[in-house]
Every structure is written in C-alpha cells, then in structure tokens.
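What follows is a structure written as structure tokens; I'll ask about it next.
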Amino acid sequence: MVHMGVRVQTEDFDVGAEITAMRLSSANIGAVVSFVGQVRDLNDGDNVDSMFLEHYPGMTEKALAEIIAQVKVRWSITDALIVHRVGELKPQDQIVLVLVATAHRQEAFEACECIMDHLKTDAPFWKKEQTQHGLRWVEAKTSDEDARHRWKSTT
Amino acid sequence: MVHMGVRVQTEDFDVGAEITAMRLSSANIGAVVSFVGQVRDLNDGDNVDSMFLEHYPGMTEKALAEIIAQVKVRWSITDALIVHRVGELKPQDQIVLVLVATAHRQEAFEACECIMDHLKTDAPFWKKEQTQHGLRWVEAKTSDEDARHRWKSTT
Amino acid sequence: MIHLIKVFYFARLKESLNYSTEDIELPVNVKTIAQLKVHLAERGETWADLFGGQQSIRAAINHGLVDNDAIINSGDEVAFFPPVTGG
Amino acid sequence: MIHLIKVFYFARLKESLNYSTEDIELPVNVKTIAQLKVHLAERGETWADLFGGQQSIRAAINHGLVDNDAIINSGDEVAFFPPVTGG
C-alpha cells in the first residue's frame, strides 16, 4: 500500500461521492462508516473567525498511510480512506473525512474511530486560530492521548 | 420529538446531501458520523439476487424515533437521523442510513453505533431473500442481540 | 362486556396463516400476550406450530414491543412477528 | 568525518525561530534526539526556551515519529514540532 487511500489537500471534498464510490467498489461491502469533521465557530470559549492548518508534507502522507495499515492488520477491512485538508479554513468548512468499508458493521465503526484517534495524535497537523483575541496555536488535548491509548489496552 | 429525524421509504436516499444538510445546520457541530448499509450479494453462503423488506407501518417510525430519543438521553447530540428503505432491493442498493452530529467525535461514534445495534433488534423490519435456492426469510442473528446488550452493561 | 382487539401478523407468520389482520373477541380468561398465544395455538395445526411455543415469536401492543406477560386491553392493536432482521 | 543532517521546524517552533529549515553538522557527542535538543538549547535564550525541556516538543526522523533516545544518522531528515492538533 503506497499511500493508497490517503489525500492531503487544500480543496474541499465531496463526502457523498467518496462514500458512494467506495460502497460500489465491492458487493462484499455491507457497511460504510464515515467521519466528517467540520471547523467549529467556538473553541476554548472563544469565537473562531478562521484557522490555518499547517502540516509536514511527506511525513503527513506517510503517517496517515501507516495509521490505515495498522488498522487493516487489526480489523477485516475492505477499504479505507483519509482525506485531510490543509491551509486556510473557515467555521463550518469540512476539515477531515475518514471512510471505512467492511462486510460487517462493528468492524467499520471501530476501525473508523481508531483511525480518527490515531490521526489526532500521530499525524503532523497544527491548527492556528484567528479569534477575537488574535492569532493563537491550538494546544493539543490530553483527552486525545487518552483516546488513542484506549486501542492499545485491548490489542 | 414527534418522529423527527426518522424516515421509512421505498426511494433511495442521497447520503452526501443528508450529511451536508445536517453538518451545516449548526456551527456547534464538530463531528458527523454516518453509517450506510448496503445489500450484499452473499448471505449465509448463498448468492442473493434480490430481497424484499417488509415492515410494520406505524410501529416502525415509532420504534426508530424511540431509539433516537434514548440515544439523546445518553449522549450530548446535536442531531440524529435514521433513513430506512423498505420494499424490493438489489445487491449494492443502499438499505439504511444513520447520521449523528455532535460537538465532539467520540459521542458521535458511540451514538451512531448504538442506534444501529438497537435498530437491528428493536425495529420491525423483516428481510426476505431471493437466492439460487429460492425465496427465504432471513433469520435473526444472536450476535445482534449481543451487540444490543453491550450498551446496557455500561449505562 | 366484549373485549375486541385488532391483531396483525407479519413476515413468515403472515405467509403461513395466509392473512395479515383480523379482529378478535378476547375470551374472558385471555388477558396477556402469553394467554393470547395459547388461545391462538388452539385454532389448529398451523396455529399450534406458530404459537405453541416452539418458535420465537415477538409481540407488540399499540406499536410498542412487549413481553409475554403484557396485559391486553380492549381496543388494543396487537401484533405478532418473527425476530426482526432490518438494518 | 562530517555528520550533516537536515532539520525542519514546524508551527510554533518555526514562528519563534523565524525560520523553518537548516543544515546542521552534528558534533561528535550528539547521537540522539535528546542530545540534539541539548545542543540546540545552547544556542541562546529563544532556543533554550524551546529545547531546554520546559516545553513539550515532538521529533521525527525521516518522516517517522521518534522518541528522545532515537539515534540520528548522517543524512537524516530530522523535524521538531509541538504536539499535533489535526483532525
């Protein structure tokens, strides 16, 4: 898998087209679970006017591909896709899409959530917000570290 | 909530339009998790040519609305939607859509999976398959009962 | 006093019985879902086969799933069906 | 023998240092990420503030996340950045 199913882009994505393309790729697929993240207008109590997403080109794609590869070892997955946007984003812009297609639903839910939890801690993205108090870098959350570690205890 | 966010229909649905409409309904939404079920071409080792989905009009809508109401008590949910098709379906047709929108991702994943698990055991739908061996009613799975009971032990 | 209820049958039950709904006048000794099943099982072989306890049959009263010991009231809409298989 | 590596800085680090990449010739006693951090911290106040151990800084070698005790080899691409906040 050479970065298959991973895209890092400034452009928006079409969630319906992505789900449908993946779903129709195999008649063995019974379940497609998707996660769409959108920019909220509020963070840590402050209004967010816009944000800029910086990343580490080269490492980002590799990190995301590794997350998918790990998930494929653990669950029986027909297909998976991560699309992550970078650059300038406004509230209610789509920021990330994760899709997982499987024969049975529980695997799709677990794998999709596991991908998101690892993406939050292992993929080199950094958010800088423009709020009413000026520009600020978003601080990482310990809750994201905790969420990621959930998946270790049960392996 | 008078059956809000519940639709039972013979027509297909547009997953992208549904996700986008829900996502844009509030700038407080940070996560939308969706589940799409599609008819598989194989069940219990036999090729499925088509299936017919019977339901109990009146009770179906009520049962689905109750599932959403229960989930809203347990998780902090901005919006939720269930669309379930009935009537004649072919392999790779969409059969069910569940959407949950929340501020934070973990709640959306859990609530969406919980809705699907309850839908599998509590909503009056019955599948009849046309296979190479003729027509047959699909048997309920004990694994679906087990999946539903998971959510009880942790409440 | 007459206790009239409406009964619906779905899926495999509907096919076996060859009809989907009927009005039933409840005998005085039939007050619960379990008692109604016994009453229906006495109708003949097909009915005994379906409601005699060998098969898993679920019930609803007025569009809500109920257990065997649920009380049936006059005017209720009662439904019998196999375990559900949607989703 | 000269051990030349390429170093990248991202996000808050890049802004504080006011540049994003440089080539560094590793001193012979600098073999790990931890030792490179100490080496960088000796460059002055801004550097000491970032790499002196008060702040949480993550590191990557050749596009893979690594711990403090990871070995740096000649020709490696090393990156330093704050905890990530994507998704």
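A, B, C and D label the chains in the order they appear, each numbered from 1.
Throughout what follows, a contact is a pair of C-beta atoms (placed from the backbone, for glycine too) under 8 Å apart; a residue touches a chain by one contact, two chains touch by 3 or more.
Everything numeric here is computed off the predicted structure, so don't read it as measured data.
Taking the mean of C-alpha positions as each chain's centre, the chain lying farthest from the centre of subunit C is D. By number of C-beta pairs in contact, chains A-B lead all other pairings. Per-chain Cα centroids separate subunit A from subunit C by 49 Å.
Centre-to-centre separation between subunit C and subunit D, using Cα means, comes to 73 Å. Our note on geometry: subunit B versus subunit C, Cα centroid distance of 26 Å, whole angstroms. Among all residues of subunit C, those that touch two or more other chains are 87. Taken residue by residue, subunit A touches two or more other chains at 37, 105, 116, whereas all remaining positions touch fewer. By the definition of touch given earlier, these chain pairs are in contact: A-B, A-D, B-C. Considering their complex, residues 14-17, 19-20, 23-24, 27-38, 40-42, 91-92, 94, 103, 105-106, 108-109, 112-113, 116, 147 of subunit B touch subunit A.
Of all the residues in subunit B, the ones that touch subunit C in their complex are 37, 53-56, 58-59, 62-63, 84, 95-96, 116, 119-128, 137-140.
Those residues of subunit D lying in contact with subunit A across their complex are 8, 10-12, 56, 60, 63-65, 79, 81-87.
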